[in-house]
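First chain A sits with chain B, and in the next complex the same chain sits with chain C.
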Partner chain A sequence: MNMQTTTRLTTAEAALVEAFGAQVGDLPGNGAVIGTRDRLLDDLKKSGLPTRRIESWHYTDLKNLFREVPEANGSAGVSAVAPLIAGSSVLTVLQGEADAKVHAEGFSVSAYKDALSDGSAVKGLTALDKDDAIGRINGSFVRDGFSLSVPAGADLADPIEIQALHAGGQIHTRFPAVFGAGAKATIIERHRAETDAAALVSSISDIALEDGAEVTWILLQQQGAADTHLGQIRVSLGKDAKLRLYVINAGGKLVRQELRIEVEGEGADLTLRGVNLLGGDTHTDVTLVLGHNVPHTTSTETIRNVLFDRASGVFQGMIKVAPDAQKTDAKMACNTLLMSDDADFSVKPELEIFADDVICGHGATVSDIDRNHLFYLMARGVPENKARAMLVNAFVAEIAEELEDEKLVAPLEELISDWLDKHA
Partner chain B sequence: MPAVQETIDQVRGIDIDQYKYGFETIIEVDKAPKGLSEDIIRFISAKKQEPDWMLEWRLDAYKRWLTMEEPTWARVDYPKIDFNDVYYYAAPKNVTGPTSLDEVDPELLRTYEKLGIPLREQEILAGVERPRVAVDAVFDSVSVVTTFKDELKKAGVIFMSISEAIREYPELIKQYLGTVVPTTDNYYATLNAAVFTDGSFVYVPKGVRCPMELSTYFRINEKNTGQFERTLIIAEEGAYVSYLEGCTAPQRDENQLHAAVVELVALDDAEIKYSTVQNWFPGDKDGKGGIYNFVTKRGDCRGHRSKISWTQVETGSAITWKYPSCILRGDDSRGEFYSIAVSNGHQQIDSGTKMIHLGKNTSSRIISKGISAGVSQNTYRGQVSIHRRAENARNFTNCDSLLIGDKCGAHTVPYIDVKNSSGQIEHEATTSKISDDQKFYAMQRGIPEEEAIALIVNGFVKDVIQQLPMEFAVEAQKLIGISLEGSVG
Partner chain C sequence: MLEIKNLHARIAEDGTEIIRGLNLTVKAGEVAAIMGPNGSGKSTLSYILSGREDYEVTEGEILLNGENILELDPAERAAKGVFLAFQYPVEIPGVATMQFLKVAMNEQRKARGEAELTTPDFLRRVKEVAADLKINMDMLKRPLNVGFSGGEKKRAEILQMALLEPQLCILDETDSGLDIDALKIVADGVNALKSPDRATIVITHYQRLLDYIVPDTVHVLYKGQIIRTGDKDLALELEANGYADVIGQAA
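Then we have the complex of A and B:
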C-alpha cells in the first residue's frame, strides 16, 4: 500500500487508517475487492474526512464531529430480536456478521460476504463522487450484510425484516437489493444498538427497482447515545417503478443519512417520508440528492423533525431535474418543531432545474407548537404538557399513517410514542 | 395558458442585441496606468485628495486582498479575471469632482440625456407633476454632478459623492465606513476597499424624512476599466430615505469588471429603502462581452424598530454575484428583499439575500422571482439565520422561478439555520408556470379562467414592482419589457 504522509490526519482519521491496517488481513474479498478497498482508503486518507468547506457537508463537519473510532468488538454477544411485524422473514446481522440461518420464501438471499469473496460485489464498492466519505468508509471496511433478490412478478405477502444489531464496536454492513419487474415487497431495515457501548456504524443499501416494481422500504435507525451512524441509501428506479421510502431516525450521537436517488424510468414515482426524533446531544443530518433524469416522473418528499434538549438537526434536500426531463412533478416539504431553545435545525432545500415544463416546489418551516392548536386543546380541559405531547405526536405520527396498512402503521406509531414519552 | 404565452413571447422579444444603452461617449479621459499596485492606490487616493488615514485604510485592504482567494462557490462560470489588465481609474477630463452643471462637459450631459437621466434641476422643476429626484451621476471613476444638493441641505440631508464626503465630513465617514461591510469581508469587497473610486454618500439626520427620492446613476464608459463604487447611507433616529441606483455600460467585446460595495446603517426607528435597476451590458447574443458584476450590499438595522428594504430588478450583466443582505440587530427591526432577476442569452445570475436575525421580535420577508431564458443560468441563493437569542423572529421567504426554453437553468439554494425555538420560519419555492390552486380558488368563485389568471398575475407582479418608487416602477417595467405573468407559482 502506498503510504502517504503528506496530509496531517486527525486522531479519528489516523485511527481509521490504523483500524484498516489491523483488519484488512481478515476482511472478506478476492483480489479485486481488496484492491478496491485499498484504493478507497487511500482516497479517504488523501482527502481526509469532509469539512464544512465541502458544500454537501456544510452542516456536518465530519472531520470535527467524528472524534474517536471505538475499539473493534468482534465477539460481543447479541441475539436476534422479535420482528416489528409478526410473520416477517427475518434476516439478522449480529455485530456486523450475517446470520446464515435464513429462511427465505419467495425471494432469494445470500450473505454479502460471499459476494465480496467471489468478487461479484466489486462493482458496487465505489464512492459516488469525490466527497462521498460514507462510500469510502463503507467500501473499505464492509464485512458483511445481505444480498437480496426478489424475482420478477413476485408479490410478497409478509415483510422482510433486516435486523442489524450490535453491542458497540465497528460495524460496516451492506444490503444490495434487486426487485425484479413488477415485484411487490415490503422491507424493514432496522439498525439498533443493544448496549450503551459506543459504535461506529456504516451501512449502505443499494436498492434497484426494475420496471413496474412496487416496494415499501422502511429504515429505522435506533442507535445508542454514543454511536456514530453513517448510512447511505442508493436507489435506482426503473420504468413505472414505485418506491415508498421511510427513513426514521430515533437515536445515535452523530448520524448522517444520505439518500441518493436516481429516477431513471418514465412513469416512476418516489414517495419519501422522513421522521427525525432528535434528543440529547445528537447531531443528525439527512441529506437527499434526488435526480429526475427522464420525462414524466413524480416524487413527493415530506420530512418531519422534532427536536428536544441540545439536539442539532439538518436536512439538505436537492432535487435535480435533468435537461429534457419534462413533466417532472416534484414536491418537497420539511417541517420542524423546535421544542427546546438549546436545539437548532438547519435546512437547505435545493432545486436545480434544467427543463422548462416542470412543477417543482419545496417548502420549509421551523417553529414551536402553534399556540392556537395548544389553546384549542387546553380550552377543552387537556393540561398543557399533555396537549403539547398530543400535538407533537400528531405532527410526526401523521407520516406513519400515510402508510395506510395498519400492520405497518401500528408499530411505527408505537415507536414514535415510546420515543416521545421518553424525551418529552 | 395565454398569460404564460404572453410572458414567453415578451421575453423572447427582448433580443439581447437590442441593448439600448450600448453607445459609447467619446470624451477625453484621465486614466491611471493599467494594473493594480500600491502606487495605483496612492494615485487614486491623491487624485481624490484624501486624508492620510483613508490611504492607510486602502493600503491595509490591498495587503489583505493579496492574501485572499477568489470565491468559487457561486454557480457562475467565467474565465479567470486578470486583475492587472484593468484600469482602476478613469475620469472624464475637466471634471475634478462634482461641480455646477455649467462646467460639465456638454458631451457628458448629452450622454445622460440619451440615457434619460435628468440632470438639469430646472427641467425637472418645469414638469410640475413629476416627483422630483435628486441625482448623483457617476461616470467611470468620478461623480460628475449631484443635483438638488442645496435644497437637500436645507432639510439637513447630505447627498454627495463619497470622495467629497471623505473630504468634507471625515468624522462621519470614519465612524461608519466599513462598519457594515468590513474591509475583510470578502474578496471583492476587500478589492473595492482598496481601489474604490467614487459612489454616493447619504446622511439623513434625526427625525428627517428625506424630501425627495435620491438616485445615483452609474455609467462605465471607458474600455478595460473597472468600476468600483462605494455607497454609504446613514439614516439617523427616525429618519427615512428612499434611494435608487441605475447602471448602464457601452456594448463591448471584452468583459468589464464592476465590484461595488453598498453599506446601509439604520438607527432607531429609521427606514431605508434601497432600489436597484441593474442594466449593465449583458454581453451579445453569443455571450461575448458584458459586465462582471460582483457586488456586496449589506444593510445594518442597528437601531430598534429600524427597517431596511432592498428591491432589485436585475436584467443586465454577463455575471451577477450579488446578495443584498440585512443584519437585524435592533429589537423589532425588519428586513425586506424583493427581487426580480431576468436572465437571457448567456447571462449567469447568482443572487439572493441574507437575513441575519440577532435582535428580539425581528422579522424579514424575501420575495424573489427569477425568469431564465436563452441559455442562461439563474440561481437564487439565500440565507435566513435565526440566532440563539433572537426571540420571536419571523421570516417568510418565497422564491419562484420560471424557465422559458429548455436550454436554460433555474436553481434555488436557500440555507435556513434556526437556533431559537420561538421563531416562525416559512420558506417556499416553486418552479412552474401558474398555480392551479390559485386559479381554482378564483374560478370556483365564478371568475372566468382568463380573468382569474389576469387577477393572479396582477397581484403577483405587485409584490415586487410595487416596492419600487413610482417613477422607477415604470422604468423598471419598461426595462424588463415584460410583465411577470406566468411566473406565478
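Then we have the complex of A and C:
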C-alpha cells in the first residue's frame, strides 16, 4: 500500500524553512548557488533535523535539543576586538558579514560572498552525506566569510586571525582556505558572542593543505550561554603536509563541532588536540571522522574535557584506514575530568581498519582530581580550592603547552585559566 | 615544638591500624632521626603529621608548639610550619614548577598575615637557593618534578624546604636515590636550615646520612610504636647489629 506521508516539522524546523523563504531573496549567489541552496533546504525539510536514531547523532539529538531559532538579525554595533596574538593579520566577520577592509600581507583573501555571487563557491556547497545537517543548514543559509589562499612556499611570520563576532541572530559563515605547497602559516579561527542575545551559528571551514604545507589551525569557540553553534571543519592533507588542529570549546549552549578529515598524501601528519571546557546546562559534541586513505600517514588525537555543573559532552572519534593505507599510525586518546556528579561525558571511539600493517589505538579515561597530586600541593601550603584549580588547569594546559611556541601557548593558557576562574 | 602523645591511626579505607600508641617529643633546635624496618610505619607517621586524609587518627594527639593540629588540613598545617620532604615526590604534569613555588610561598605568607613576595624578590630567592643546592634553573622551567631524576626530585624537595622555611622539617628517606656528592649537597642544605627554633625529623635507613646530618636523638619505630630512643650512638649500633636486638629487648 502506498501512503502519502507528510512529516510534521518541529517548531525549529518550521522556523528554518520560514527563515529561508524570507531570506532567499537577498542571500548572495548566482543561479547555480541559489539552486543548490534550494536543494539543500529541501533535503533538510524532507529529512528533518537529525535525531538520536541516526547513528552519528546518537548522543546529540538535534531535533530535540534545538528548539528555537532566534530572530535573523541580532543587535548591531559589534566591533572588532584585539587579536589573541599581537601582530596578527585580523580578518573580521561581524554579524556574519565580512569586513572588506582587510590588510593581507603574504597571502590573499577575499570575501566569501564574492565566491557565492560569481558561483565559484557552488562546488563546495554540498552536504558530505545524507546525515550532514550542518552542511545542509550552512549551505542553505551561508552569507559570507573569507576565502583564504596562502601561496606555495610562503612562510607567514604572523598568525592570521579570523574573528567572527556577533550579538545574537542567525549567523552562517564559511571559510575556505588553501595552503600552497610548502606554505607555513598559523590561523586562529575565533567565534565569539559579544552579548547574551541568542544566536544560531553555523560555520564551515574548508582547509586544504597541498604537498608539504605546515599549518597550525586553532579554533576557539566562545559562544554565549544561549547560543547554538554548529561547526564543521573539512580538511584534506596532501603529501607530507602537516596540520596541527586545535579545537577549543569554551562556550555555547548547544555545540556540535564536526571534524571531517581526509589524509590524502603519503607522509602526511595530523596532530589533533581538543579541549572542551564545559559548564552550566550545556551540551557539546565533538565528532571526528578521520580517513587515512593512503600508505605511510600518521596522526595523533588527544581530547581533554573538564566538566562542571550539569554539563554534558560527547566525543565521537572514528578513524578509517583504507585497504591500501599500510603503515598508518594513529593514536587517539580522550581524557575527562568530571568536577560535578551531575555532569557527564560520553566517548565513542571507532576504528574501521581495512589494512593489515597498521598501528591504531585509542584510550579513554574519566577521572576526578588525583588525590596524590592534591595532597602534594596542599602539603606545600596551597589551599584546597586553589590546589584543585591548579590541577584542573594543568590537565588542559598541557595541551596548550604542546604548541611549544610561547606566543601561542600563553594566550591559550590565559583563555583556559580565565574560563576556569569563572566556572570553578 | 612537636609532641605526639599515644597516637593511634589507621588506614581510612580498610581500618587497618598502622600507628599503635606512638609517643614522640622533638624539641626546638633538635634533629631527631627515626629508623625502623620496612613497613614499620615511618612514612605513615610523616603523612599523618602533614594531614593526609587517607589515615584516620583514632586516639591521641599531635601538638605543634602546644596547639593540637589534628583538625587542620594539610595546607593549614603547612602554613603553621609543617614541611614533609616526600619519600616519593609526585610528578605533576601541566603545573609549572616556578609558578607552583610562587603560589606555595605566597599562600603560606598570606595565611600567616605576611606580605606577598614580589616577582623579583621571589626570583632572587629561588636563584640563591638553587645555586646552593646546585640545581640548574632550566630544570625549574619544567613542570613540577616531571622527568626529574630520582636525585633531582630529592634536591627539589630540599629546595622547597629552604624556600618555605618551615618550623618542623620532616625528611622521609631523602638520602635514597642520591649519589655521594648529592648526598653531601643535600645534607649541607638541611644543615644550613638548622636553627634554635626549628625542629627536624630525619627518617632514614642508613648511617651514611647521619654522618652528615648529625642527630641529637635517634628513635626506633617498629610496628607503629617507638620502641627505643637513644642518642646518635644508637644509629651506629643499629648499623652494626641490625634491628633484631632492639626488637628482641622491646618484646
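Criterion: the second predicted complex is superposed on the first by the 417 of 424 C-alpha atoms of A that agree within 3 Å, B and C clash if a C-alpha of one lies under 4 Å from a C-alpha of the other, contacts with A are read in each partner's own complex, and residues count from 1 in each chain.
Definition applied: contacts are C-beta pairs under 8 Å (C-beta built on N, C-alpha and C of every residue); 3 or more make two chains touch, one makes a residue touch a chain.
Note that this is a predicted model, so its numbers are computed, not measured.
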Touched partner set for A:Ala22, first chain B, second chain C, both or neither: neither
Partner chain in contact with A:Ala82 - chain B first, chain C second, else both or neither: neither
Once chain A of both complexes is superposed, is A:Ala397 in touch with chain B (first), chain C (second), both, or neither? second
Have a look at where A:Leu377 lands relative to chain B and chain C in the superposition and call it first, second, both or neither. second
Comparison of chain B and chain C by chain A residues contacted: B
Touch check for A:Lys386: first (chain B), second (chain C), both, or neither? second
Where does A:Ala100 make contact in the superposed view: on chain B (first), on chain C (second), on both, or on neither? neither
Could you tell me which stretches of chain A are touched by chain B in one complex and by chain C in the other? none
Per the touch rule, the chain B residues reaching chain A in their complex are 73, 386, 388, 401, 403-433, 489
Under the touch definition given earlier, write down the residues of chain A that touch chain C in their complex. 371-373, 375-384, 386-387, 390-391, 393-398, 401
Touching residues of chain C toward chain A in the complex: what are they? 50-54, 73-75, 77-79, 83-84, 86, 89-90, 92-95, 100, 103-105, 107-108, 111, 143, 160, 164
Complex contacts: residues of chain A adjacent to chain B: 55, 58, 323-324, 326, 336, 338-341, 343-368
